[in-house]
Every structure is written in structure tokens, then in C-alpha cells.
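Notes to accompany the following structure.
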Amino acid sequence: MKVTRRDLLVWSAGATAGLLFTPVPWKLLDDVSIWSQNWPWIPQPTRGPVDVKLSFCTLCPNGCGMRVRMAGGWPVGVAGAGCHPVSRGALCPLGFAAHQLNWHPRRLSRVCYRGNTSSWGEARVAFTKACGEGPIMIIDGHPGRAASSAFETFVQRRGSYRVVPGQETRALAPYGTWSGIPAAALGYDLENAGTIVSFGAPLLDGWGTPGRLTRLWAERAAGLADPQLHLIQVEPSFSRTAARAWQYVTIRAGGEGAVAEGVARVLLEEHLVPARGPMPSLTLVEVAEQAGVSTDAIRDLARTIVARPPVVAVADDNNPAIAALNVVLGAVGARGGIVRRSKHIRQDVCAEAAIRGMRAVLIDSTVPWDFVPQTDAEVFRFAAWDGGSTKADWLLPAPGFLEDLTDVPTAPTSGMETYAVAPSLAEAPTEVQSAAQFLSSIDPTLVTVDKVIHTRCSEIFRQRMGTLWGQDVTPVAKFVSVQKLEEELWKGAVWIGEPHHAGGLRCQLNDWPEAIGPARTSNASPPWLVPVLPSLASKLYQESGLRESPEGRSA
Amino acid sequence: MASSVLADSRWIARGAERTSLPQFLLWLAPWAVVLAAGVYAAGLCLFYGLNQTNMDNRFAFGLWIFLDLGMIALGAGAFFTGFLVYILKRVELKPILNSAVVVGFICYSGAIAILMIDVGQPLRAWFTFWHPNTHSMLTEVTFCISCYLLVLSLEYLPILLRNRQLRKLPSFLVFEHQLHNLVPVLAGVGALLSFFHQGSLGGLYGVLRGRPFAFREGFFIWPSTFFLFILSAIASGPSFLILVTAAVEKVTGRRLVPQELFRRLGFISGVLLAIYVAAKSIDTLIWLNVTSPSVGFAPWQYYIYKPFGTPILFTEIVLLGLLPAFLLTYPRSASRRRWLLTAAALACAGVLLNRFVLTVQTLALPTLAFDEFLQYTPSWQEAASFGGVIAYGVIVYSLSYRYLPLFAQPKGQNTHVPGN
Amino acid sequence: MFPGIDGFHWSLGHVLFLSLFFAVALTILVTVVSALWRTARDFRAHRAIELCWRSAFAELPDTERRCRHELSGRVISRTCANGFDCRQCSKHSQFAVLPARGIVRDLGLNYPADRFYHRGHTWVRLEADGTLTIGLDELAEHLIGSPDFIKVPGVGSEIENNETAWRIEKNGTVIRVRAPIEGTVVGVGGPLEGRYLKIRPRRNPQDPATLRHLLRGAEVHGWLSRELERLQLQLRAPNTPPSLADGGVLVSGLMDAVPDADWNTVLADTFLEG
Amino acid sequence: MSARYGMVIDLDRCTGCGACMMACAAENNVPPVPRATPRTGLTPMLVRKVSNGGEGVDRREVFIPIMCMHCERETPCVGVCPQQAVEVDKATGIVMQMPQRCLGCRYCMTACPYHARYFNWWDPQWPAGMEKALNPGVAVRMRGVVEKCNLCHARLHSATQKAAATGKREINPADYVPACVEACPTAAIRFGNLADKHDPLSLEVRSPDTFRFLTRLGTEPKVYYKSKEAWVRALAESNSGSGVETKRG
Amino acid sequence: MARTPLVFGLGLAVALLVGWVAFPRVLYVQRHQPLEFRHKTHAEKSGIVQCSECHAFRDDGTFAGIPSIAICTACHSERIGTTNAEATLVENYIKPGQETPWLVYARQPANVWFPHAVHVQRAALECRECHSPYGESDEVRIYQLNRVSGYSRDIWGPSISRLRRAPHEGMKMSDCEDCHRRRNVEVGCIGCHQ
């Protein structure tokens, strides 16, 4: 029988009709829809038990307390830990996406020598050779850690140890010079202040321990016509802090020091403070000229700030004029002012950009990326993320966020002494080593981070001073063994030292110091210490327009 | 020219004079290129997602929705002519009916094709049928335009089967005959469906409580835009048919329908347009004075942004509403072909402008006090898809015109007069 | 969409909406199914052929649908409304009594008087044994000349009046020749045999009504002269005025002789393609 | 008694730091698609900066976190969705968007007066390996669907689960705190059950400083704002384009 | 003329055959479990009575699902049988400390949140009501993977038409809804989707 075209048509019609009465079209319709709901190229979250661990943010020296949510052994979420007495459960915006930083596209994952892939073995050989040939320098970003201690031990007979301080620490430098007490031992007793005059310091925007200021402001100042805490912002630009301050004084860029001088002059001339001198060199008219504000406004400012004592002035950077204003205000060594929080800290030597006479320089991953030494020495740069161009000879991949055990010493601006331990929560890539591990591999006798932490815990236990803030608040004296104490610290508790003493810090001014212009020209963004932002932060900042795009900053 | 070189002459209806195949292909070629570009652009959108467009979170609807609304409004000629011919027995309109069906089919299939690209998950679009939210105007639109496209396909089928070669198959011819007998039923269903979805397309915006520029009070569940859209669609549909027919006459150089038919269509269009303009004016006044102020929006603020000033409102209602309505109904202007065509074009432009204002201006206007007025320019992918649909329409219409009996011609005309 | 599916509510609006939708969908479905069913019914009832012919007939140009009585001059102007089936025409008997006005004249073609002619250019001859012989008339044969290929129905198959009886292929064109009458094929031939089909008619061949719809005698002349006139118009060289109707004798194999003519139209008109 | 979760955002306390945005995005697995523009990205929580237009000492600025307002009545997005991908949850009052049901027609986005709905214009992408850092409680949305604030429903789930494990029907309110609320360093965002008369939030919404945006649309949003500054409160109903300077991306 | 219905019927028959018989075989891929685990044998030999002894809840109310290798190790730290499966278990998974890559019959996609705690602990449903009495049998089922959707066949249920299926068969959303409707428990989308 011959098959005609008509047969084919009829057959197809039959087959089509038949197909409608089979599951084929309907099941496929359903399955294809399900497929579109579970596209295979869409990332799937990990399955596994969820767990919450307490830890500390190690991105900057402030070490805010964190609750880290873990799923399947990986950190999947970060929130503030309310038990931390300084950060008080608040985090800066970056902290919330910090756990994503370890997968940042600019994460360093291999040893690089002058742009070429190298190995840890070669880096070790090069560094060992350098150690044998001349003095070396280790530059640290977060001083006072166990690793810092290891660095100092390593360089004892081999060279020198330097620190790159943050802006907040630099702002405290004049008091250190005048009092002889290391600036690293000083802090602000903002909790007891009645008026805070900020000269361009981004107090509500990531200054110091971010949560400390925001919590304080929210509790005592926000939304009140005459709040308990007067926050006065003196700044050229209408920053986030200026927008939210109780009073905002707009000045010409670089006029902070002049305003401080003018205010001090009014205070002294009108006897608004007990202090008697020395008198600032600038006249009010000169101040008004330099700062771009009227003399009346300066007088008003001076009268306003003393209306609610105690008063403290906060500088954005090392500015002796502002420090001198604090001396005039009597804020140094006083309740609600600049205080000495601990006894046993020695002055760190600040790293200069120009380094001479060194055979090699090792820069720890905690040093901000924009610190670029000018030197002919061989530079060993540790970093977890690639921040763009660098002059380092060796680029060494360091552990990222929560990938390495570290301890967290007192935050730079804190008014109280703290100590905490941030254990490693995330598995580091195999190609990664911290500077301390690297040095240990060269000098096996070098003290390790966990040993130093143990020693420090023992010291705390031995002195039986302070309190441990964890799930409960327990005085150290109640601990029966150092192991118990250490266990608590490893679980995320914070040790708080004895309350600061108002006394013990005296600054005597003979001459009015010379004002220094601002170190930074732009304070639109806070001094982030990570060379890259979490991808999420980059995205959200770009999309909300809240902050400048990070691309512009890191370039 | 010698007819035997027409390689496809066996497919062309007897007695119909059509241009030579090469010339026809030459005519199609540029449209085919535009269509190919459109298909490519649509493919990009389907494969890579809607990031290929310039739409964004605020301008969530763009050129495509305007195209959909516009095409469906202009395609209303199909249902309305069918309604007039089969239900109201206005047989004098019959010569244009087939053409109207093809125009409708093109408009609706094009609109649905664009919708399928426009939605983010076309594979799940059937959920609307399976889990319908009957409160949504979009559900009504989806149901109705799907059904109506089916109806149009069934109305198109007899025309298709009347092709000279297809009709040689007895089963096709008999089926065509029987289906044709039942077309009045389809015309009735089509009118019902069109009534609802033309209205729902208007309701689509009228129900937007969150967009005071579009929000309208109305009757029962239907905002006033529901009825205005029906009116404007049936008013512009016949005008569009006039334009299409005139364009085909221009391209082919033939008179396809009696000129009396143009005037008749124009008159229908004009009267409906006049009613529409009156209704629209009343609605605008109510909206400006009652509806909008009641939700806290002063009417003046809609018109402070360039280019959406009050002139656009004036243009929509007077220049593209009242004026063509007058021209189409006033015997002296309506009897002049040039005036008639101008008026029809103005009427269609008026409806398109109305759809444009409702889609684009609604989204561009801010709602919150700190919102900004937004701009949006379609990406080339959007524009190409748009062009693709237009080209698709031209190609389908050209093919239909060439091979199918679109305009009922007097029998025997041209039969004995060889073409030149 | 249905009770039990997520999102279905027993609320008035929802049920009303879906009811309306199902009603519409059902109406559309019923329309299509009923069209299909009616189609099948037409085929079963053998009405399909009739329908096809009616449809084709409606498509014919007016000039091709003239009533035989107009051709024979009994009436001034009349268009056939019965698909050339005079057996169904109520007016036929009235016209038959009118005297013929035309004169039979030799047009150079051989149209024997013992044959009956169909408007699709076939002839029927009643044989003594009650069968009918069917062939292509002379005009058609002249038009086609020698065919490239012919396809005739098998012996025993049924043919219907106006249905395609056989196909002739010539220069790539398939010509469908309409059957002049219904019946059973009892023999087949070809151009050489002088006949194409031999059939046993379904109706009684002796009954005059059986062949009433076919032209015969004097009528043939009027019809033929119109056909020739049409051919001359259609086959003339481009841009030449039509030549007179008595412009000579048709040559055989016109399709080969005048290849540039619009054969599509010519053949469609000649063989009532519709 | 079903809950009606709502928020009060104290604008006087908002420093515009963006922690809420970040916490929200991290909690809800918002992909940091590099190619997304400010207008095609996903920001279920978006902080906007608004100023009074003044200069110098007259200048005032306020940061307004905009999110889904969880409208209680005539919810604009619910009625328009053709396939019931949006609903107001009966038990919680959360306006819930179901990306798996969504076909991406974006009608709801045009319906929302707060522009709090976002379309996934891009395929969700994370830097390689980062899927390990995703929140397992929230499914990643595919390209081509609309999403919005679902009031951290993953946290509601955890709380429900925790309660059920101990046989309880009611969740412990302390277990259910949305990420933005938890993250706000100034506690400017407060969360609670508006249906509970004893909830501090129920009292707070009655304060004269509390307002909502566009209440005249009659949608009864459940996200309240609060400010002592009159010009900020005036933003709630003031006409758009009234000269207020705004900034966003 | 009887040819047409015949040819039509032939097309119909072929389509029906392909749709009902061949299609399900093509749509689903058959996968074998990595080990031949027999529930009944385990229950008898170890005296385990409750499902929850192995399929346990965690402290936060989440359900652990298929037990981790640690539970297997408790008894199987050394080979305690002679079967091949026993050898595979000990050599491939227990000794290297690797989790067994079980194919989970009842796995729901990431967008579904099914709280076992709510169903088992609060509503006191029996495991078999959803999971069939599989736990009481010694059967080792073949896992069937839907090529298109990537779901386990258990989600759709064994019957391709989904007609006449037992109450525990099928784990599609409509199955959840049916059960909820029967028990008059109303939840919105948010109740089951994440």
C-alpha cells in the first residue's frame, strides 16, 4: 500500500490528537516551569546545620563584637554581638558583608614576585637571605596583637618594628608628646561627655569603634531639641555626621585649627574656662578670615560648647591646635575627655613612608593598602586582597576575614581597656599564610600566636583584674583556672580592664602650638582599612548613592 | 508583462493582478531584514534576560507595553467590523472584512509575541491560566487576548484556505465552507472578548491606586479608563482600516474597495471618536477636580515636567480627538480622500498618544515627595523587536494580500484585461 | 483554575470569571468541532463534491457562468445559479420552449451532433450498451496538443458530476478535467483512443433528464463562439488589439505555440477551475 | 489572633550609614551583580538622602530608608498580580512576593507607589565560591522575576521552627527580628506586632511625630516613620516636585 | 474511505503508546543508591524503633534528615558483615570520614521550607504519612531523577497520571495543599516557601 501525503497528514492529526491525551505535553509544561524555577546555573546555598558563633571583626583595629551565623561550616551571616561593651551590638555597614570578602574577585591566592607567580618556598629563601644580609623592618597595622608581639621578637636583633597608625590614633599624638604617655594608651571618655565638638571627625560615620558612637548618639542625642549630649560638627562639607549633628558649623576647608584657636581665644578672653593661658596666636578676625566664619559665630560656638560640660573636642587627624583647645577646656585627663585607659602600653614608633638603610621590609596584611613605602629595600607585602598598584617585590597572600586566629587588643579610641580572641572560623585557602606563620617557618623558635595569646590570658588571670563579658558578666577574680578563662575568651567573651582613671594624664602648654592643616582632603568616606569592599557593599553604595563608589577610591 | 514568468502564479487567485515574484520579493526583502533583526534582538532578550532592555525598576514598562496597547487598540477594527457585519448586518462593510481580520490577527499575534518577550519568565506564563487572580486586569487581558487570538486564527483560517492551491483539496474547501458558515458565532465571541480586554487594558492603568496620574474611579469594578479604552479602540479601529487599505491601494496602485466604503468607515470612526472625546473630556475633568485631589495629588504637578506639559493633553483631546472627529463626520471633508485619510491618521495618532501617555507618563511621574522625574530611552534591542513586529505585520499582510482574497472583488474584473 | 488548584476561590467574582472563560472556550471549541463534524458529514453524504463544485463555480468569472440559454440566444442575459446543473434548474423547462435565435455555423472545429457537451470542454456519447463514452472536446485538444502525461481513474471507481475526472499534465501544469456526469468507470482510454473514459451512468441514460444539463445541438455554437472569443483575447500578443472572431482556424498544440500567454488563467477559465 | 508585623523608622536617628541595606542584602542573598546599574539593581532596603533644599545653616538633610511598606488595605501590588504571586499573609500581615510563581510581568512594580519592588534584570551571580556564604534560609531568585522585602521571612521560619520544636504555637518575639532592625546601629528601626496592644510599637505609632508616606492613597502601610522635624513629616504627603532636593544614585 | 479512520487511529495509538509507556521511561533517569541500605534489617538488628533515633532533630528545631556518617560509624567502625555494601561503606566512607552521597528521595528544592518540627512535633504526623512505610521495608529503591526539572520522582509520585495515588505518594505543592485542606490548616505562601 502506498503511503500518500494525505496519509501522513491524517496520521499526524491522529498523533497530535492522541498526544493531547497523554502526559507528554502537560508533564513537560510542568517540568519546564519547574526547571525555570531551579535553573542549574543559579547558585544554591549550602545545606547543613546552622550554628551561631561569637567572634570579632578583624578588618580594622576596633574589633567590633560579631555574631557569626555558620551553615555547613561556613560563615553565612554576620550580626553585631550585643555583649561587646564597646561596640555594643553595632557594626559598620561593611561588617555585615565581611563574610563575603573571602570570595572577593580580588582575593590574593598565590605568591607573586614582581608580577610573576612564585612560591612560598622562594619567598622564604629570599627573606632568609635578606635577613642574613642586612637590617629588616616589619611594619604592622594593628599593633598590640599577639602577632605584633611575634613581629617584635623576630626583629629584635635583625632590625626594627614600625606601626602605621590610623587617623584616630594620630589625632591623639599631641597629648602623647605633651604628657609623655604613649598615645596608644589614650582614649576618649565620650560616654561621660556633655558636649562633643568634632572638627571634621566622621563621628557617626565609622569613626573609632563605629557602634560606640552611634549607640551613644542614638541614646543621648538623637531627635531631641536639647539633648543630653550636644554633638557639634565643625566641618567644611555637609557630611553625614554634620547632617545629623545637634549643631553644624560650616567652615572653609582647612580651617579646623583656626576655629579651635578662635574658640580657645574666646574661652580664655571671656573666662568661660578656668584655664589662663597660653593665648592663641591668631586674633579672632584672623580666625574668621582663615576659617570663613564670622567672629560672632566663633563667639557663639565658644559659649555654646561650654554650656553643657564636660566638653571634649575631637580632631580628625593629628592637629595640635585642637589638642590645645582640649587642654584649654580642661578635657585632658578629665572625666568626659581624653583619658588614659591603660598603664602598660609603650609608644609605638610610627612608620615613615621613606625607609632607608633597610635590606628588606615586611608589611603585614593589617597595614592599609595605601601605605606604600618609598625604599630601595626588598618589600614583602602581605595582603588578603589586591588593592591595585603596589611597589612591593613580593605579594604574599594572607588569610582573609576570620580565616586566622588572632587576638583583639583595645580599640584605638576606646576609653576602656579590652582584650578578646577571634578564632579562625572559616577555612583558609591552602595557598595562604599569615605573616606570623611565615616568620615562624623561617625561625622555628619564634613564639607563635596561640602561645602569645595563652601568655596574655595567663597574665590577665594572674593579675585577677577586670571582668569577662560573654553570655554573662564574670569578674576575672571568680575564675578558678586560666583554662576556664581562656575557654571563655575563645568562645567570644571580651575582657574589660579596670575602669580608667581620670587622673594620671596631665598636659601643660607653654606656647600655643602651630595649627596644622588637615591631613586628608576628603572625608567623604571613612578610613576603611580593607583595600576592597565586599562586592555587596560596592553594589549597594553604587545603587543607593549613599557613598562614593569604591572603584574611585581604590584606583 | 508576460505572466508566465510569475513562478508563483498558480498560488495567486485567478483574476487577481499581482506584481511579479521578483518585485514582490524585493518589496519583502527590507522587511525581512528588519524582521530578522527583531528576531535576533528578541532572542537576546530571551537568552540573556531583560537586562538587554533599557527598562529598569522604576520604568518597569517601556516601549513594548506601549506597542501592545497601541496594536491592540488599532487591531480593534477586526472585531468591530465583524460585529457590524455579522451581528448588526451592515453588509456593506463586507468587502473590507477579510482585510480587517488579517489586520487584527497581525496586531494580536504581534502583541502576544512581544508580551512573551516582555515577561521575565515566559515559560511560566501559563501560571496565569492555572492560578488566575481574577481581580487583576492583567488576568482578564491575558485570558481574553489569548482566546481572541484563537478566534482570530479561526477567522483567518477560512481566508487562508481560500488560497487557490489550498482550496483544491476538497477537505480543506469543505471545512472552509463549514467554518465560514459558523463565523458569525466567532464574530459574536470575538466582540464579547474584545469588549472585555480592550476595557481591561484601560483598566490596567485605571486601577493603579498607587499612581494617581492613572488612577480613576469608575463603575462597579471597572475604572472609567475601562470604558474609554473600548470607545477609543472601536473609534480608531475603522480609521486604521482606512489607513491600511489606503496604504495598500497606494502600494499596489489599485482601487480595492469602493470609495463609499471609506466614507462609511470614516463616519463610523468619526461618530465614535466624538463620543469618545466627550467622555474623555468629562473623565479628565472629574479626574482633575475630584479623583486626583482626593488622593492628595494636585493636578498641576503632573504637567510641570517637560515634555509632558499641558500641551500634550490639549493635543490628545483636541488636535487628535475633536479635530479628526469633525473631519470624519463633516460631509465636505469626509468626501475628499485626502482629508479623510488625514483625519483617519490623526484619529489613530490620538489613540496611540493616549496609550503612550498612560504607559510612559504614568511611570515617569514621581509619587513620593522625594522622587525624581525619570527619563527612559529604549535600547536597540527593544526598538529592533518593535521594528520586528511591524515588519512581521507587513510581511504577513503582504503575503496575505498576494495569495489570499483579502478584498472581495467584483467578479470578472480584470479577467479579460491583461496586466501591464 | 479548577477547584483544588492553588488560588481557586469559591467567591462570586472568581467563579463568574472562570465560568465566562469556560463558556467562551467551550463556544470556540464547539464551533471548531462542529465545523469539523459538518465537514465529515458532507463527505459521508457525498455532498462534499457538490460543495466543492459550488464553491469553485462561485469563483468563476461572470463571463464563464453564462446560462446556456443566453449562449443560444434564447435570453438576453442570464447568469447560471445552479452550477450548470440544468437538472436542478426550475427555469430550464421554460427557456427550452423559446425559439433559438442563433445559427449553427462551422467554426473550423469538429463538434459531432451525436455528442453532448459539458462546459468544462468534455463530451459525452451515449453508447448502445447503455454506457457513456467521455472525451475531451476539440477546442481543449487543440489547446493542449499532445499531453505529457495523463492520469485517469481506475476501472470501477466512481466519478461525480463536476468532480475531477482525470488529470492532464502539460508543460509542468496539471490540468484537472471535470467530469460531465456521474457514474462508474468501466473503461479508460487516452488521447490516442479518442476517448478518455467509458462509464456506466448512475442514472438511466435513456431518461432525457440524465443528460439534460449538457449542451447539445445548436447551443454548442453559441457557447463555442464565446469561448473562442475569450481565447483570442487571452492569447493575443501583448498590446495588440483583439482580432476578429472569425480569425481563422485554431492550430493544434496552442500551449506549445504560444508559450508566453497567461496559461494559468486560460486553462482555469477553460476547465472551470474556480 | 494573627499578627500584624510593622515597623517604625525613626528618621531623627538615622545616620544614613547603610548598615540596614547591607544586612538586608546579605540576609536575603541579594547578588552583587557587577553590571547592575543603580536603576537595575536589587535593593529591597534602600536608604535615600533628602534635603530641605536650604544652604549653609538652613540646610537640613534626612536619610529615609525605603522598603516595602506592607500595605494592609487595598494593597496595590496584590490586586494586580495576574497569577497570585503576591499576597498579604493572613497570619502575619506580611506582603509576600513569591518569585517562583512570578512570571515577571512587572505590573506590580508599576502599581507600587513606593518603588519598593525590584526586578531581577540579571542572572544572580556571586564571585566564584561565594555560594558557600549564602544564607541557607533564603532561596536565590532567578532572573526575570520581581522581588521585594519579605520582612526576613527566613527568620520567621527559624522562629516558627524553634517554637514548634518545643510544641509551641506562638513564636518568641525575640527570635523574629528582621535583619535591618537588628543591624541598625542607632536602633532607628523598630519592629513589632501592631496587632498586639501591649507591643511598644503599637504605642509608638500613635505618637504625633509618627507618620506614613502617602496615606491618602488609603493603603494603610505598616511601615511608619517618625521625626520631630516638621519639614520631614511634611514629606509624607507633600506633592512631588515641590522643590525638595533629592539624591539617589 | 475506511482508510482515513484507520490511519488516524494508527497515529492516535502510536501517540498514546509513546506518551504513556515510552515517555516516563525517557523522562526519568534511574540512579542507584551508593549503598544497599535496608531499614528493616537495621531496625531488627540494632533494636531501633523510632525513626527519630537516626533521623533526628537538632537543638534549634531543624531536622537533620539523613543521618551523617558519624551515626553509621557508631556500629560500623569495622566491618560487621560480609556483603559488598558493607565493604563499600567501611572502605569508601567510614575510613576516609566521608559523608555518603545518598540520593534523597524526598528532597524539596531550595525554595521550599518544610519544617519537620511543625509537622512531626507540633502536629504529630507519622513519618509514613508522607514518606510511605519505606522505613519498615527491606527494599532498596531506585532513585529516579527527572531530566527536565531535576526533581526526584517522589515529588511527582509513581503514577505518571497522578491518578489513583496513595495518600503518601506525591510531594508536589498540590499534595501539601490537599493535606492542609483535609486538616483545615491554612497557610499562605510564606508558610512553606523561602
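All chains are identified by letter, namely A, B, C, D and E, in their written order; residue positions are counted from 1 within each chain.
Throughout what follows, a residue touches a chain if its C-beta (ideal position, glycine included) is under 8 Å from a C-beta of that chain, and two chains touch if they have at least 3 such contacts.
All of these numbers come straight from a predicted model, not from anything done at the bench.
Between chain A and chain C, the least number of touching-chain steps is 2.
In a view that ignores chain A, the other chains are joined by touching into one piece. The greatest centre-to-centre gap from chain C, using C-alpha centroids, is found for A.
Remark: the per-chain Cα centre closest to the mean position of all protein Cα atoms belongs to D.
When the interfaces B-D and C-E are ranked by how many C-beta pairs touch across them, B-D comes first. We define each chain's centre as the mean of its Cα atoms; on that basis chain B and chain E are separated by 52 Å. Note: centroid distance chain D to chain E, computed from Cα atoms, is 38 Å.
The mean-CA centres of chain A and chain E are about 49 angstrom from one another, to the nearest whole unit.
With each centre defined as the average position of its C-alpha atoms, the distance from chain A to chain D rounds to 29 Å. Residue positions 37, 41, 48, 83-84, 100-101, 123, 137-140, 142-143, 158, 248 of chain D are each in touch with at least two other chains. In chain C, 5-7, 43 are the positions where the chain touches two or more neighbouring chains simultaneously. Annotation for chain A: residues touching 2 or more other chains are 32, 35-37, 44-45, 50. The residues of chain C lying in touch with chain E in their complex are 4-6, 43. Residues 29, 32-33, 35-37 of chain A are the ones touching chain B in the complex. Remark: chain B residues 49-51, 55-61, 118-122, 124-125, 127-128, 130-133, 135-139, 142, 204, 207-212, 294-298, 301, 304-305, 362-363, 365-373 touch chain D in the complex.
Put simply, chain E touches chain C in their complex at residues 1, 173-174, 177-178. For chain E in complex with chain D, the residues that touch the partner chain are 57, 60-62, 109-111, 113, 115, 117-118, 121-122, 186-191, 193-194.
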